[in-house]
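Going in written order, the chains are labelled A, B and C, and every chain counts its residues from 1.
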Amino acid sequence: MSASVHIHGVEFAYPDGKKALNGVDLEIGPGERVAVLGPNGAGKTTLALHLNGILEPSGGSITVGGLPVVETNYAEIRRMVGLVFQDPNDQLFMPSVREDVGFGPANLGISGEELAKRVDTALDIVGGGEFADRPPHHLSGGEKRRAALATVLSMTPDVLVFDEPSSGLDPAGRRDLIETLAGLPMTQLIITHDLPLALELCDRSVIMNQGRVVADDATRGLLRNDDLLAANSLELPYGFDHV
Amino acid sequence: MGAGHTHALYVHEHSAVHRMAPPAKLVAALGMVVSIAVTPREAVWAFGIYAFAIGVIAVFSRIRLRFIAVRLLAVAPFVLFALFIPFIATGETIEVIGIDVSVAGLWGAWNVLIKAVLGASVSILLTATTEIADIIRGLGVLRVPAIFISIATFMIRYLELVSDELSRMRIAMTARGYDPKWISQTRPIASSAGALFVRSYERGERIHSAMVSRGFTGEMPALQHRIIAPSEWMAVLVVIVGFAGTASTALVLT
Amino acid sequence: MVLGMHAPDGFLNAGTAMVTGIISLVVIGSALRQSRLQLKDRAIPLAGITAAFVFAAQMFNFPVAAGTTGHLLGGALAAILLGPSLGAIVVTIVVVVQAFVFADGGLTALGLNVLNMAIIPAYGGYAVFRILRRLSPRSSGGVVGSTGIAAWATVVMAAFAFSIEWLFGATAPVSFDTVFAAMVGVHTMIGLGEGVITALAVGAVLVSRSDLVYGAADLERAQLVESKVGTRPFVIGGVLVALVFATVVSQFAVDNPDGLERVAEDTGFIESAEDHSLADFIFADYATAGISNEALSLAIAGIMGTVVTLLVAAGLFMGMRETRGRDPATV
C-alpha cells in the first residue's frame, strides 16, 4: 500500500527564532521514490519531522494520503508514515530487537498472534531472523540499520522516510539496503548525501537549500547539471564522470 | 566505588536455577537475605546452615565457588571496617595475642562480616543466574511501578552507549597528553562530564521522537509474562521456609 | 569515597532498615508523581538516559591529590540539572539497579542506601542550592558557585545522616561520638572533590545548553554571562570553608559544652541530664555506650538531624511547588 504526500508552503522556525523552513512545496505521488539532496543545514531533517507531526509548521500544510497532518489525525498518520532516523540507536530502545519491532503495532492496539505475525513479516523483509532476539547494543552497524527499518515496517506504513540510510555502511551493507529499498512498494522519501544511491533508487530528486526546494527534476538531469550542484554545495564522487 | 559496575555478573549456563522464572528467584533471594539479616549473631549454627544452603544452590546453578569468592571482594571495604571494630569498640575486653580487644566488638565484627558475606553471596547467585533485562522485568511482575521498570530498562539499554562515549572522550584527552594528578587540574574532565550530559539529553529527546513516531502516547505497551509453574513456586517455598524457619528458631533460642 | 559505597546486609539493625525503607518508599513515590507531571510523556526516555549518564558519571575517576582518586555521588548534579524530584528518581534507579543487577549493596539495605545516596543529596542538596542562589548574584557565576557549595554540603549531610542512622541502629559497640567524628571529619574534606567536579560540570552545561540546567531556568539570556570560573581559587576557597566549618563545630563543642547542653534543655530536646529513658528506648545501646558526654553528643545528633531533615523537607516542598507553578522551560 502506498500513499501520496502533499506539502504546501510549509514554514517552520525554531524556538530561538531561527527559520529552518521558508516555504517548502513538494508533491509526491503514491509509490514514487524521491531523493532529497542538499547541504547540511538545508532543512531536510526538519522537513522529515513534519511529515508525521513531530514538528508542527508555523505556516502551510501537509497532507498524506488525503489525510491532513494535524493533531487529531496523528495516531493514523504515524501508522501511515514510517520515519527511519539517522542514528539507529535512537530508534532501538527496547531490550531486544523483537520487542522493538513489536513496539509500533502494540501501540496501535495489536497483540497476541497478529502482533507476532507482523513482527515476523517485518523481520523477514530485512533478513533479521538471526539477530531478532539479541539486545540492540550487541548488533553491528549494518544490523542496527536493518533492525531500525523493521521497527517501522511492522506498522505497515504507506510512506517511508529515510534520513541518511546508507551512512556508515560497508559496501555489502549498502548493497543490501539498496536491494531492500528497491523491493518495497511504499512511497519513499530518501534524504541522502549518497548521490549514486539516489541515482540508482530514485528516478526523481529534489534539492533543498536554506529551507526551500530549489530544484525538482529527474535525478539524472540534476546530477548532470554541474552548475546546479556547485551552487548547492553538492559534488559527484571522484571518477563518477558519466551519469 | 568499584569501576566494575558494567561488568555484568551473568554467567551463561544451563542449570535448573538459570531456567527458573525471574520473579520466583527474586522472591527467594529476598526471603533469604531478610532471614540472614534478622538472625541474631550469637546463633552461629544458623549461619552455618545458611552457608551450606547457599553452597547447595550454587551447585544447582553450576556456579563455581571461586566465582562467588572473587565477586565478594566488592564487600571488602566493609570487611575492613568490621576488622577495625574490636579495636575501637567499648565494653569489656579480653586479651588476644597481647592486645586488648573488646568482646562485644568481636561479636560486632562477626555480625557485620557474616551478614555482609552471606547477603552478598545471595545477590551474586541471583545476578549470575538471571540476565539483567529479566531481573528488571521480574521486578515489574512483583508489582514495582511500571514507570520505574521502564526507566530502568532504558537505563540499561543506553548504559553501554553512554559509557562508551565517556571512554572515548577520556581517550581523546589522554591522547593529547592530559594526565591530571590534582583536583585543580580536573576542569577538562568535568567539562567532558557536562558535555556528556548534554549529548545524553539530546539523545533522549531523539529517542522520544522515535517513540512518538511509532505511536507512543505515554504508556509503554504491556508485556506478556511467562507463566510460573507450581513446581517453581514449590522450590521457592522450600527455600524460604527453610531460611525463615532457621531465623525464627535462632531468634527464639537466643 | 566512603559514602559512595553501598551498605551491605545487616550493617544496621532490622528496625533501622525497615524505617529507612519506609521513608524511602514514601519519598520516592511522591517523586515519581512529580516527575510524571514535570515531563509528561518524555519522562521515560529522558529519565532513562540521564540515569545512564549518572551511572556512568559515578564510575568517573577523578584525581584528588598526588595519585589518589575519587568518585562522584552525583545527587547534587542530578538535582541541579534535572530538578530535585527527577534527580532523586534517577539516582534511586541507579542505586536499585546496582543492588539487584550488579550485586552492589545489600538488598535489605536498599532503603538505607536510597535515603543516603539519592534522597538526602538530591533534595537536601537542592534546598541548599536554592538558599545559596538567593544570596548570590543572578548570573552563571552565581549558579556555579552555589552548585559547588551545595554539592559539597550533600556529602557532609550524608555523613551526618549515616552517623544518626548508626545512633539508632548500631550493630557493634562503636559509640556515636566515634562514628560522628570520623565520618563528618573525613567527609568534610572528601566533599570538596564533589563540589569542584559538580560545579565545573554544571558550568560546562550552562555554556552549551543553558536551557538544560533546571537550577538556572530563572536566568535570562543577559544574565548567562560566560564566566571563566577558575578552578584554583575555588579549590582554595573550598578548603578554607571546610576547615573553618570543621574548626567552628569542634571549637563550639569543646568550649561551650554547658552552653550547648543548656540550649538542648531549653528547647526540651533533653529533659534533664539524668533522664534518658526515652533515649534508651529508641537509640541503640551500642551507639550510646561509651560516649564521653552523652547529653552533648545527643544534642549534636538532635540538632544535626533536625537540620538535615528540614533541608530535605524544604527540597521536597520546593520540588512540588515548582512542578505545579512553573512553566517547564525544557523539562
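The rule is short, and it goes like this: contacts are C-beta pairs under 8 Å (C-beta built on N, C-alpha and C of every residue); 3 or more make two chains touch, one makes a residue touch a chain.
Note that the structure is predicted; figures quoted are calculated from it, not measured.
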Task: Highest C-beta pair count, chain pair - done: B-C
Open item on the list: Measuring between Cα centroids, which chain is at the maximum distance from subunit A?
Closed with: C
TODO: Could you please state the distance in Å, as a whole number, between where the Cα atoms of subunit A are centred and where those of subunit B are centred?
DONE: 43
- [ ] Round to the nearest whole Å and give the separation of the Cα centres of subunit A and subunit C.
- [x] 47
Task: Computed distance of Cα centres, subunit C from subunit B, in Å - done: 23
Task: Junction residues of subunit C - those touching two or more other chains - done: 45
Task: Per-residue multi-chain contacts in subunit B, two or more chains - done: 153-154, 156-158, 161, 203, 207, 211-212, 216-217
Task: Multi-partner residues of subunit A (at least 2 other chains) - done: 93
- [ ] Show which residues of subunit A lie in contact with subunit B when the two form their complex.
- [x] 49, 52, 54, 75, 78-79, 81-83, 85, 87, 89-91, 93-96, 99, 102-104, 106-108, 135-137, 151-152, 155
Task: subunit B partner contacts - residues on subunit C that touch it in the complex - done: 1-2, 4-5, 7-11, 14, 17, 32, 36, 40-53, 55-67, 71, 81, 89, 93-94, 96-104, 106-108, 171-175, 178, 192-193, 196-205, 207-209, 212, 231-232, 235, 286, 289-290
- [ ] Going by the contact rule at the top, pick out the subunit B residues touching subunit C in the complex.
- [x] 1-3, 5-6, 8-9, 26, 29-30, 33-34, 36-38, 41, 71, 74-75, 77-78, 82, 85, 88-91, 102, 104-105, 107-109, 111-112, 114-116, 118-120, 122-124, 126-127, 132, 135-136, 139, 145, 147-148, 150-159, 161-163, 166, 180-187, 189-198, 200-201, 203-205, 207-208, 211-212, 216-218, 220
Task: Complex contact set, residues of subunit B against subunit A - done: 133, 153-154, 156-158, 160-161, 203, 206-207, 209-217, 221-223
